[in-house]
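Two complexes are shown next, each including chain A; its partner changes from chain B in the first to chain C in the second.
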Partner chain A sequence: MSLEKPRPSTTDHVGVTEQGLDYEALADLLGDLVVGRESHINAEGFVVRPERVAEALGRLKQQAGFDHCSCVTAQEYDDRFESIYHLKKYADPTQEVSVVVPTSRDDPRSQSGNSVFRTADWHEREAYDLMGITYDEHPDLRRILLPETWQGHPLRMDYDQEQPQVVTFREHANPLKEDHREDDADTMFVNVGPHHPATHGVLHLKTVLDGETVADVDPDIGYLHRCEEQMCQQSTYRHQIMPYPDRWDYISAGILNEWAYARAAEDLAGLEVPEYAQVIRTMSAEMCRIAAHLLALGTFALDVYGDFTAIFMYSTRDREVVQNLLEDLTGQRLMFNYLRLGGVAWDLPEPREEYFEKVRDFLDDLPAKLEEYHDLVTGNEIFQLRCVNTGVLEPDVAKSYGATGPVARGSGIDYDLRRDDPYGYYPELDWDVVTEDGCDNYSRVLVRMKEIEESAKIIGQCVDLLEEWPEEEREIQSNVPRTLKPDNDTEVYRAVEAAKGELGIYMRSDGTDTPARFKIRSPCFSNLQTLPEMSTGEYIPDLIASLGSLDIVLGEVDR
Partner chain B sequence: MSSDKQLQTTQEARMGEGVDDRFNSKLREAFGSSPFILTKFDKFMNWVRGSSMFMLQFGIACCSIEMMHTYAVKHDLDRFGAGVPRASPRQADVIIVPGTIVSKFAPRMKRVYDQMPEPKFVVGMGSCTISGGPFHEGYNVIKGAEEVIPVDIHVPGCPPRPEALVYGVAKLQERIANGETSPVTVKPYELEQFGDLEGDELVRHLADEIDEEDLVMRYNWAESR
Partner chain C sequence: MNWGLLQQANNSTNGSGNGTNATNASGGMGGGEVQTLPDTLASLLGLGDGPLVTFVMGIVAAGLVASFLLTLVAVSGIWGKRKITAAFTDRIAVNRHGPFGLLIIVADAVRLLSKELIVPDGADRPAYDIAPIIMVSSALLGFAVIPMGSGIQLADPEAGLVYVFAVASIASVGLVTAGYASNNKFSFLGGLRAVAQNIAYEIPLVVTAASVVIFAGSLRMSEIVAAQSATLVSLGPVSIPAWYAFVNPFAFVLFVAANLAEVGRNPFDVPEAPTEIVAGWQTEYSSVYFVLCYLSEFIHIFLGGAIIATLFLGGPAGPGPEALGFVWFVLKMLAVYLFTQWARSAVPRVRIDQLIEIGWKGMLVLSFANLLLTAVIVGVAF
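And then the complex of A and B:
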């Protein structure tokens, strides 16, 4: 079966044993850097003094092989602030460790992890913005999501939401102007966005051009920061949080996002999911992935060809088919709200045979349609000239930025949580993880198109299973208490493979029916960070193509 | 001279014999022989505006996905004379606001709206443009598009289906044909120069960071719930 994969060996790393991670060996490795231990559901946490963060992260990365800084969570307790670095391995994401950095309440200040993991740059800026923790030695510590003139840090407990705010609307200066010695500078500053057809939403790229070459690009985000974490922190676990994940990655990828929350919350509260519900989840999630990848393909063609006619319309046509299937199942075209903790909302629509037939029709039509796309897009010489060897992202760079999903797999990184950190019904099914070694825009598009085929394979097997399922064993939800109150001070970080990559949720419970901290690790946020690496020194049309091939969705970048 | 001839109208008399060739266009045929269309110029212009609306290509959040589906195959908004999205606000006369507006984006949206030529119309799409929708309680979320720009038609839903948006646009056309304008129900946030703001504690605090001439938008969250 495809899941018995050749994995690169991690056994020469410290702490790796046959039985899993040996945290004592890791503690020995860190030695006197560790001042305490914590136990999270997903991993052990080492408490580290704030001035020695980089050293601890460096040792874990160099000697224990934790090369993936998945997320940085900042949170507030009554007596301290805390940053948590969630580390994983690209080779085996089930090997996890948390580095917990407590700081004082009066002067929350700790060392930046940016020198070890470049992805920490944006994550720490976000922590500074929303929680007000200062990171020493950070290269560029300023607000990232909120306007620069914002007062206060909104996720702090003492933040007054009623206070007035002043937001500026001013021109941006050319950041490279100072670097020009002679007066007749040849660089030009261009704002791409926040309202621009090529930015896929409200993204603002501060771009400096030297002729047609991009000399500098700085993504400016936060134009869609709609307080998703605050919303989840004030909603109850059982029902109120579930609608929000639909709105993070809103390109029809709702069920994939819901699964991220469901998985984390089910682990937090210790809930079981019936097998039948897992199959339905797997099937509907893969439908969402197809819809999301089709839109990525259509808008990418829109960016590269600038044509609103053929490919975009074709992909919309096929999305309509998937959306109809999902609507039959969930009752909604876009915001499904279909998963429940411990299962799904309801069973498949009746008559079941009719529904299976519709799904099979869709799957039967898909190969011909994909052939059509390959003719129009990937087989097209103009397209290849635009995309092959542009926007190159080397695997090492991608890893240091925490890139995941099709972006990582297009750079040859064999990392897919559906296989590597199994959940749902994926381990029982026959499918393959798609990787391409090109590292360029073309590879990323190709990965998405091949993933559509793999998703179709998964859906087909799920339909077979569901059709055969005995009627008396169709349990759609396990027995879940009406009000969920997970134990006080339980912490969990869990991720699933969403359409764009690793979508993780960190939750800490405080004994009530709402989470004390709800942190979203968005794949797009990390993926977007690689844009300057891909496009500096390239032509401006390649910048647009690279941005399109990253397939970001701003609702998830800004949350 | 027979009595028949006397009963002829002047027009008939001047027509002469043979095929009536004055109706050389469909329009003429429709309006009869008179070369004039009797209508008010205003009414004519309203009809024109409603029948050929140029939409602004303006995507914000989730609703923009449904908006794209409305433009694309199957729903095809072009059937209603409101089809091709324009990338530049200078060429557009209708803006669909499809999503949540947050503090950082509102000044930009105001500027885009200001750049559109008069007369211009606004369709607010989705619950977020009505009240902030599911994000109403967010610290960063503007409680509806009307806090920034006047809105002609609200299409509720989270997100509204493409059919609902088509209905909203059709309703807008109806209103335009009737010459109605949007009521301004709240005083919207304005873009103003920082120097013109009232010098309260916050403004004094920010005085070092912001130039007098810089445009700013001031949010009084306590007043907009």
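And then the complex of A and C:
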């Protein structure tokens, strides 16, 4: 079947056995670095001394093959602070391990993992910003989401919310000031954003130009930070959290995001999801993916073509069709709030036949439309001139930064959680994971366009299944308690393949009906981190094109 | 430089053609038999032809032509552009104000003019104010020598074509002035890009035009038009005129492409490049100044269309009586305008280094090859 992944022989990695991961072998590998063990739902955790983090991560990466630092979670207990490095393998993301680093309350200080995984840079900055853990040997430890002048660390228990904050516009104090990096260099500092036609939201790129080429670029994020994690921590598992995921990646990828929470929470609480609901979830999620990718294509065209081109309007027009289908299903166009723990909110709209017909009409029209896009976009010679071999992201660099989704697949990394860490109804369906080896802007566009075709294949199969589903077996939700109170101190990290890549949720329960810690691993956050690698030394237009090809949504970057 | 190139081309024509060029002979170099619009006005009013009368009538005629152009820009720039772009992008566009939404022109004009004029801190004041005026006037001045048919031509100097290119390229000065005077880094980048682009594309443009001059044997606009009135081939009842677009399609394509760069439209809109450098040189212009910038862009597009129509599409020639010439001319100009909007809707923008490379390594070489070829053909055939 097409879903079979050509698995590389990873047996030379420590801990890999036929039965799965042998954590004892990993413990032996880490040896005296391990001072304790924890058991999370998704993986075993090794407790490591704060001053030997890089060594532990390094051994796991080099000798055990854990090349994907998916997320870094910082949290606070009554007696300690803790950073958790969630490690996975690009070759097989079901092989997971957590590296738990406790630090003292008085002086939370641990070693940075940046020397092993470049992606730890931003993740640790976020941990420092929100939780106040200091990472030694970090190259650039400063606040990332909040302004430089912020007082206190807002996710700490003792944080005083009433405390007045003074936020200056210091970075904009004098945008015209002279900026010479070296004594005789003719470089020029330019603020690209936060209000700029190409940043697709409030992103601020501190850019240093040398003529028309980019000498240095430093993304400044956090303009759209809405304390999503904290809001989720104050909400109950059962109903109150589900609306929030719609607001992370709000480019019509809502159901994909909801699924990330649903998957994590269902694993945390041990809930079953009826098969019928899984099929509906799979279908609606792929509709969201098509809508998201169409918009990504249209806005990328904006960046490369100029404003108000045919492509942008065409993709908006075609996206509208999917939006209507989703509206029929969920009653909403933007904030769907359709999934529920243990299933979905309600069944397909009546009359069912009419709805299936609409979906089929959409699927039938799609190939011709995609052909048109290929004529207009990917077949255009100027477009190829602009996109081929620009914004190059080598696979090993992409892996080090934790890039996932179309960005990773455009760099030839065969990684898709729908297949590699199966959930929903995906394993039962016939579809392919799209990869391109170009590593450039062009490949990323191609991957998205081909993924639209694959999503259409999935939707088509789901419609066939739903149509023949016996009426008495249409169970849309399993039996879920009215109030969910997972056992005290249960921890889970689960991810799904969202529109932009791996969207992961870490949750720790404390025995109440709200999570003690809710951490969102945003794919855009990690993907955006690769921008300086892609665009330093290239031209300004390529910087803009690369940014567009990353397809970030600031709502998800800043959360 | 333009002048020198064209002179050279002209001389070489005379040399190689050796006076046998038919059009050359029929047109003559010294005559001024074409009646210009000021003359017509003067004679209609029975005012004789003193220098004062010529001066006053020249002003009046220029006012008439400029008013027409501004009206054309208002209709096509504010209303037509939206409708055309909407048609390309599957939308409806303005349709609420007046018939076909035409009253949006009034609404937009009022809106734009009533906006606050924000002058950035540290702008180089006289230069910042003058730049938009330079750009608009350079485009308008070009129309002085364009034969628009039905007897509408303000002047018909011997070096008409050179004059058009000379005044049109004054706009580059306006662009760079606007760029640096705005005290904005995006404007600055845009201004520099505009100058680099204009230099890279002006030369192929002028050299390609020179190949037309070789054919026509004259720089005088009216004679270039007259030279295209002959019949190229007759297909039964339909006779195809000897427009230079048909005689030398290669030069026509080159010229149209270079003209896209000259007016800064996709794929060559890098001086503005909205998604890269916000709005390029016009980032800091608002209200009336913005209107002037906008106006100059559109008049430049129309001037480009007028030059293309005159050099390659037989000027005001078309079926029907000669009095309809003006209509045909405007239609040809609008066709070129439509083409620029089409390109804008569907063609990606090239990168600045690619743009310069296409200009210097591609277009320049091709245009000189075209010039040489034309000179050889004219020398051998006539």
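Just so it is clear, the second predicted complex is superposed on the first by the 542 of 559 C-alpha atoms of A that agree within 3 Å, B and C clash if a C-alpha of one lies under 4 Å from a C-alpha of the other, contacts with A are read in each partner's own complex, and residues count from 1 in each chain.
Definition applied: a residue touches a chain if its C-beta (ideal position, glycine included) is under 8 Å from a C-beta of that chain, and two chains touch if they have at least 3 such contacts.
Predicted model, so just to flag it, every value in this text is computed and none were measured.
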Would you sort A:Ile413 into first (chain B), second (chain C), both or neither based on which partner it touches? neither
So, A:Pro541: does it touch chain B (first), chain C (second), both, or neither? second
Which holds for A:Met313: it touches chain B only (first), chain C only (second), both, or neither? both
Identify the partner contact of A:Ala269: answer first if only chain B is touched, second if only chain C is, both if each is, neither if none is. neither
Is A:Asn380 in contact with chain B, with chain C, with both, or with neither (first, second, both, neither)? second
Contact-wise, after the overlay, does A:Leu224 reach chain B, chain C, both or neither (first, second, both, neither)? first
Answer with first, second, both or neither: which of chain B and chain C does A:Val304 touch in the superposed model? second
Per-residue touch tally on chain A - higher for chain B or for chain C: B
Look at A:Pro197 in the shared chain and tell me whether it touches chain B only, chain C only, both, or neither; answer first, second, both or neither. both
Interface residues of chain A shared between complexes with chain B and chain C: 197, 312-313, 317
Touch list for chain B against partner chain A, complex: 57-62, 64-66, 68-69, 72-74, 87, 99-100, 102-109, 111-112, 134-135, 137-141, 158-159, 161, 191, 194, 197, 202-203, 205-206, 209-211, 214-222
Which bits of chain A are touching chain C when the two form their complex? 175-176, 188, 190, 196-198, 209, 212, 301-310, 312-314, 317, 376, 380, 382-383, 385-386, 539-542, 544
State the interface residues of chain A toward chain B in the complex, per the touch definition above. 146-151, 154, 159, 161-170, 194-195, 197, 200-202, 222-228, 230-231, 234, 243-244, 247, 250-252, 295, 312-313, 316-317, 319-320, 333-335, 554-555
Of all residues in chain C, those that touch chain A in their complex: 85, 88-91, 122, 183, 185-186, 189, 266-267, 269-270, 273-278, 344-354
